[in-house]
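What follows is a set of structures to go through.
Paired with chain B in one complex and with chain C in the other, chain A is shared by the two complexes that follow.
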Partner chain A sequence: MATETASTGAPPPSLTFTRPVFAKLSPHPYLLRTLSPDSPDQQPTRNNGRAPHQSRPIQINTSSLSQAHGSSLVRTGDTTVICGVRGELLPVTSIPQFRPHNGTLYDQDEDDEARARKELKDYDLLVPNIELATGCAPQFLPGVPPTTLAQTLSTRVYSLLHGTGVVDGRELRIWYTPETKKEDGDDMEVEGEEEEEEQKPEVVAYWVLYIDLLFVSFDGNPFDAAWAAVLAALRDTKLPFSRWDPDREMVVCRKGQDRKLSVRGLPVSCSAAVFLEKEHAEVGKEEGNRHWILLDPDRSEEGLCKEVITVVVDCSEGGTRVRGIEKQGGTVVGRELIRGFIGVAEGRWREVKEAMGN
Partner chain B sequence: MADRRRINGPPGSTMPPVFEDDAGQPEIKNGKGRDRAPNVIRKMFLKTGVTPSASGSAYLEFAGSSNSGVSGLKLSCTVHGPRSLPRSSPFSPHIVLSAHVKYAPFATKQRRGYLRDPSERDLGTHLETALRGAIIADRWPKSGVDIIISIIEGDQDRETSKSQGDETWDMMNALSGCITVASAALADAGIDCVDTVAGGVAALVEDAGEGSTPRIVVDPIPSDHEKVLGACCIAYLPTRDEVTNLWFKGDLPASDAGLYTQLVENGIQASRNANRVLVECLGEATS
Partner chain C sequence: MTVTAAPEAALGVLPRADGSAKYSYAGYTVTASVNGPIEAQRRDEHPYEAHVDVIVRPAAGVGATRERHLESILQSSLTQIILVKNFPRSLIQIVLQVEDTPENDYVNTKLVQASLDFAIMPALFQTAVLALLSAGVPMRATATATAVALVSQDGSKTSVVDPSPRDVEIAQSVHVLAFTSQDELLLAESEGDFTVKEWDEVYETAKQVCCRPVPTKEGMEMVLDDEHTSGPDLRHFLRSTMEQKVASDLHWK
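Right after this comes the complex of A and B.
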């Protein structure tokens, strides 16, 4: 046998390996063994020592970067992600299909909100990108185009940003009221009607928010960490006061008058993976195949589970609102389980809220 | 062509914000200037093991300047390897180094793209040369090691939005930080080196005000000074008294050879100081 040829003093009588070696050699049976203890009074635990429904504690720091308008650093276990939000200006003249806005500055109705949401999407004012190729795990090395995982994550963050409407599009508009040339009081009265028309404020530019995420360390569950980082960075974002300068025909900003971006609600995403007893069971025959739902899976667990569920909940307005459910890769999680899982997500929401502060 | 694998944002070009008081009157330096003695480097923080899934990793942060708005350099480095080279690559009797330096999009005043630009490639080449002299390369034939550095924040002055050609000098500081952090990460990965290599920068600067003469300072912050005349970045192995990489830039009179030697000596001094922090950090990590 291979171990006996190893030159280690006294050869062991039987084939014995340490626990980490077993975990590496045959990860699936090993995880199965730790999840199904021999005696009923033992709690099932995962390889990382957590209970199946236990997530890693989350830690959030904000405003640590000075060049970005808003930034955050999120750590859950060994997954670390940095997010920087930077605002740049997009004058309406460089929007190809710009439709002039017929609302006014003081509109606060539902219509305007819906219009602002459409503007966000049509003019692409939110630009999230996730960079995994920082050597954050051995499979993510730079020098290659973004991996499928990086592309999917970026797209999921993008659609969730638009779907939940956390950013109010009205705050990204920059208004300008053309000045009327007042020379004489008498002239004003004559052309009163026209003057009214001209004074109407118009949107001249938009802020575009570039949301860049950088994974420093990757250990599973990237979406939850990335979304928490996006949210924390947006809540931290302060855009400078800006106005249109008609003489220079550009937007100028003023220092020291930063305006905090308001973020609506606090949608928190919570993911879990489903671990099956039989690794290669036929689809649709899950009866008799035991399963465990592992909350906040790490890198090794993600490799063993096919079915993943992500639920986005928001409890900030009294009751719990489900803002999104995504599920892929299997048929174990049905209606009942999803309903139960939302309860678990509520617990996660409270943890994240506490970590965000205020 | 736009990169279809990323989310690119609006098709029209966006502009970074322009501030009112930038135009017209010339830039006012925020006055204080350098607050350290000419031969003292900034305080730095170094930590190894920030990325558990990599073979070795390190994080380095320089303290900011007393001038508000100047943030310190923040770097994160991961080392993957040594591992076998892919089958397609030719035989190599020693370890193949590949160094990769990338600025984060939010690291500098101008937003950086995701594709590496020439200056980042240049930094990568310099870093590779600096490290090649330190690694005992023939212990790992047919294998490769990847060194990846993300510059999370560059040390630029946020308040001065007008660029004053500081980028070239900023690159010097960035390179010296990269060398130090990569050296720590290599040690964390357990790759044999002849010595710990650290980077140091010395520059000939001219201060604002009448009648000031050019002087040599170590670890310069370009916005602290009126003008930087020349700078050199050195990678130095202290116990062997060897320089593995020397990068000199600037405009100096050719007649004064002593000036060059002085600059290099000051660079070595800065590198020695950085090395002290490096050795202390590695000692703490192993104890």
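Right after this comes the complex of A and C.
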């Protein structure tokens, strides 16, 4: 550039930057400027061209991984995440502290459901893991242990999986009913009662679902994308037909008779970040510090916001049920704003439901 | 299954740390130490504000993903109440050691669990705030936190403040809310299945516990306390603990 000015000579060195350069140099004032336009007829927009309450459209593809029992690929803007669900068999003999099941195969009561829920947790039948791939965003370096973000995300996914109970633990049980031996007639009368006892069906193994998530590209709002991917992959999961072979003492699976995993409800998560007018404001004087709630923030916006809110809602059973609220890092979002945000999340729920396909 | 014992706290329990506190309530005992402002590591250094580092150590085993999540929640909340702008490029380190957790009598559950433990969060929060006060770290406000579980019994829902592990297990939904001393909502974490209306009720209950107005001198607060004791008065507890500590420290005068 210097040589250019030297050669032409005429234009004086100017201090005007192009918009991207300015956005990179001082991101906070830049975003503030675009959010508060000079004239009232201009709509406030973000750097990425969206309105504050506008989220990125979501695209969901399923069954793209051939080796997994269920898989999904979710895209929201430049955030792309792949999720694969793989079922592995866990015989009860390899569970430490296994407590034999005293229910029966056809129990459909609430107690059994609660027990199944506990089994999921106690025997770790759902194992989510999140990997933020090297290169999906500049801040993730190769060869480092999982970052705090990755660990936090997998805990959140784990908590939400158990908290919402989307997977029915009863479907992961593998039953076996011992056959009655009829040939030895002499002992029949003596051991009649015992035989009766032995005929009860028992759980011999469980399916463990390994839910692996890989961020291919990371551009903010990782939890919403990750949760949508988990949900889509679970809805896509088909477990092979399996039965206990008493002779070989192992579980055998049969090809071609896959059973679809039923997923209860459709909880959808919706996140936003709170952008404050004064980045380094005098603390304790928050009156007069304007704020904007940016729905579905991207990576550059997440870097500028401290307060974040995530709401998980499920409207699939008529009324709106809230399945989780996470709000931290600030005091702007109070009771009224959370209430209003649940309404915003309902809108997002409809978008995601549409993208899920049914 | 409400906890009858009042919360207990001791300040300055660790002689070498800048500030420390030990807090026990609802079966949880947590000790915290605070050091700061100290020199920050190069990668944590922020040109305009202090970096707040929170380390949570579980009662048994080493910290895993769950502790990382707890740390990130506490870190983002405490950064809001500490005057971090006063100490650019430095570090305030808070170490929380869980000493005791209530046992679940019903089952022999696993020692290490991956899901977020809601019931422990208020204890960690309160201990951290007490230790920060003990260390004399400038703060713009204090904060108090409480856990509320909604348990459905015989068709009706009851809210349990400071739930036991058994309550959390059978609860429909569990909530943790933290309020600053200016009555602002600092932290809200909820899990389970609930409606907006139920959340509103939980909000009211939690606010009752965390932000009860400072009792007046007339003695009428005793009557009020008996009327709706839905939990301890945490703000008053924080205040009286500090008052006691100051009084005993200035005893020589």
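For the reader, a short list of remarks on this structure follows.
FYI, the second predicted complex is superposed on the first by the 331 of 358 C-alpha atoms of A that agree within 3 Å, B and C clash if a C-alpha of one lies under 4 Å from a C-alpha of the other, contacts with A are read in each partner's own complex, and residues count from 1 in each chain.
We adopt the following convention: a residue touches a chain if its C-beta (ideal position, glycine included) is under 8 Å from a C-beta of that chain, and two chains touch if they have at least 3 such contacts.
Please read all numbers here as calculations on a predicted model, not as lab measurements.
By the document's definition of touching, of the two partners only chain B reaches A:I95; chain C does not. When the two complexes are overlaid on their common chain A, residue A:E351 makes contact with neither chain B nor chain C. In the superposition on chain A, contact is made by A:D212 with chain B only, not with chain C.
The partner of chain A that touches more of its residues, comparing chain B with chain C, is B.
Shared-chain residue A:E113: touches no atom of chain B or chain C. In the superposition on chain A, contact is made by A:Q67 with chain B only, not with chain C. In the superposition on chain A, A:S154 contacts both chain B and chain C.
Within the superposed three-chain model, A:H162 lies in touch with chain C and out of touch with chain B [touch as defined at top].
Touching of chain A by both chain B and chain C, each in its own complex, is seen for residues 124, 151, 154-155, 158. Residue ranges of chain B in contact with chain A, taken from their complex: 5-21, 23, 50-54, 57, 69, 71, 74, 76, 78-80, 100, 102, 104-109, 111, 114, 146, 148, 150, 152-154, 156, 158. Touching chain B in their complex are the following residues of chain A: 65-68, 71, 78, 80, 82, 84-91, 94-96, 123-125, 127-129, 131, 134-138, 141-143, 145-146, 151, 154-155, 158, 208, 210, 212, 214, 216-219, 240, 242, 248, 250-255, 299.
Taken together, the chain A residues at the contact with chain C in this complex read 97, 114, 118, 121-122, 124, 148, 151-152, 154-156, 158-160, 162-164, 280, 283-284, 306, 319-331, 333-335, 338-339, 342. Looking at the complex, you find that chain C touches chain A at residues 48-49, 65-66, 68-69, 71-73, 76-77, 79-80, 83, 85, 107-110, 113-116, 140-141, 169-170, 175, 180, 182, 184-196, 199-200, 203.
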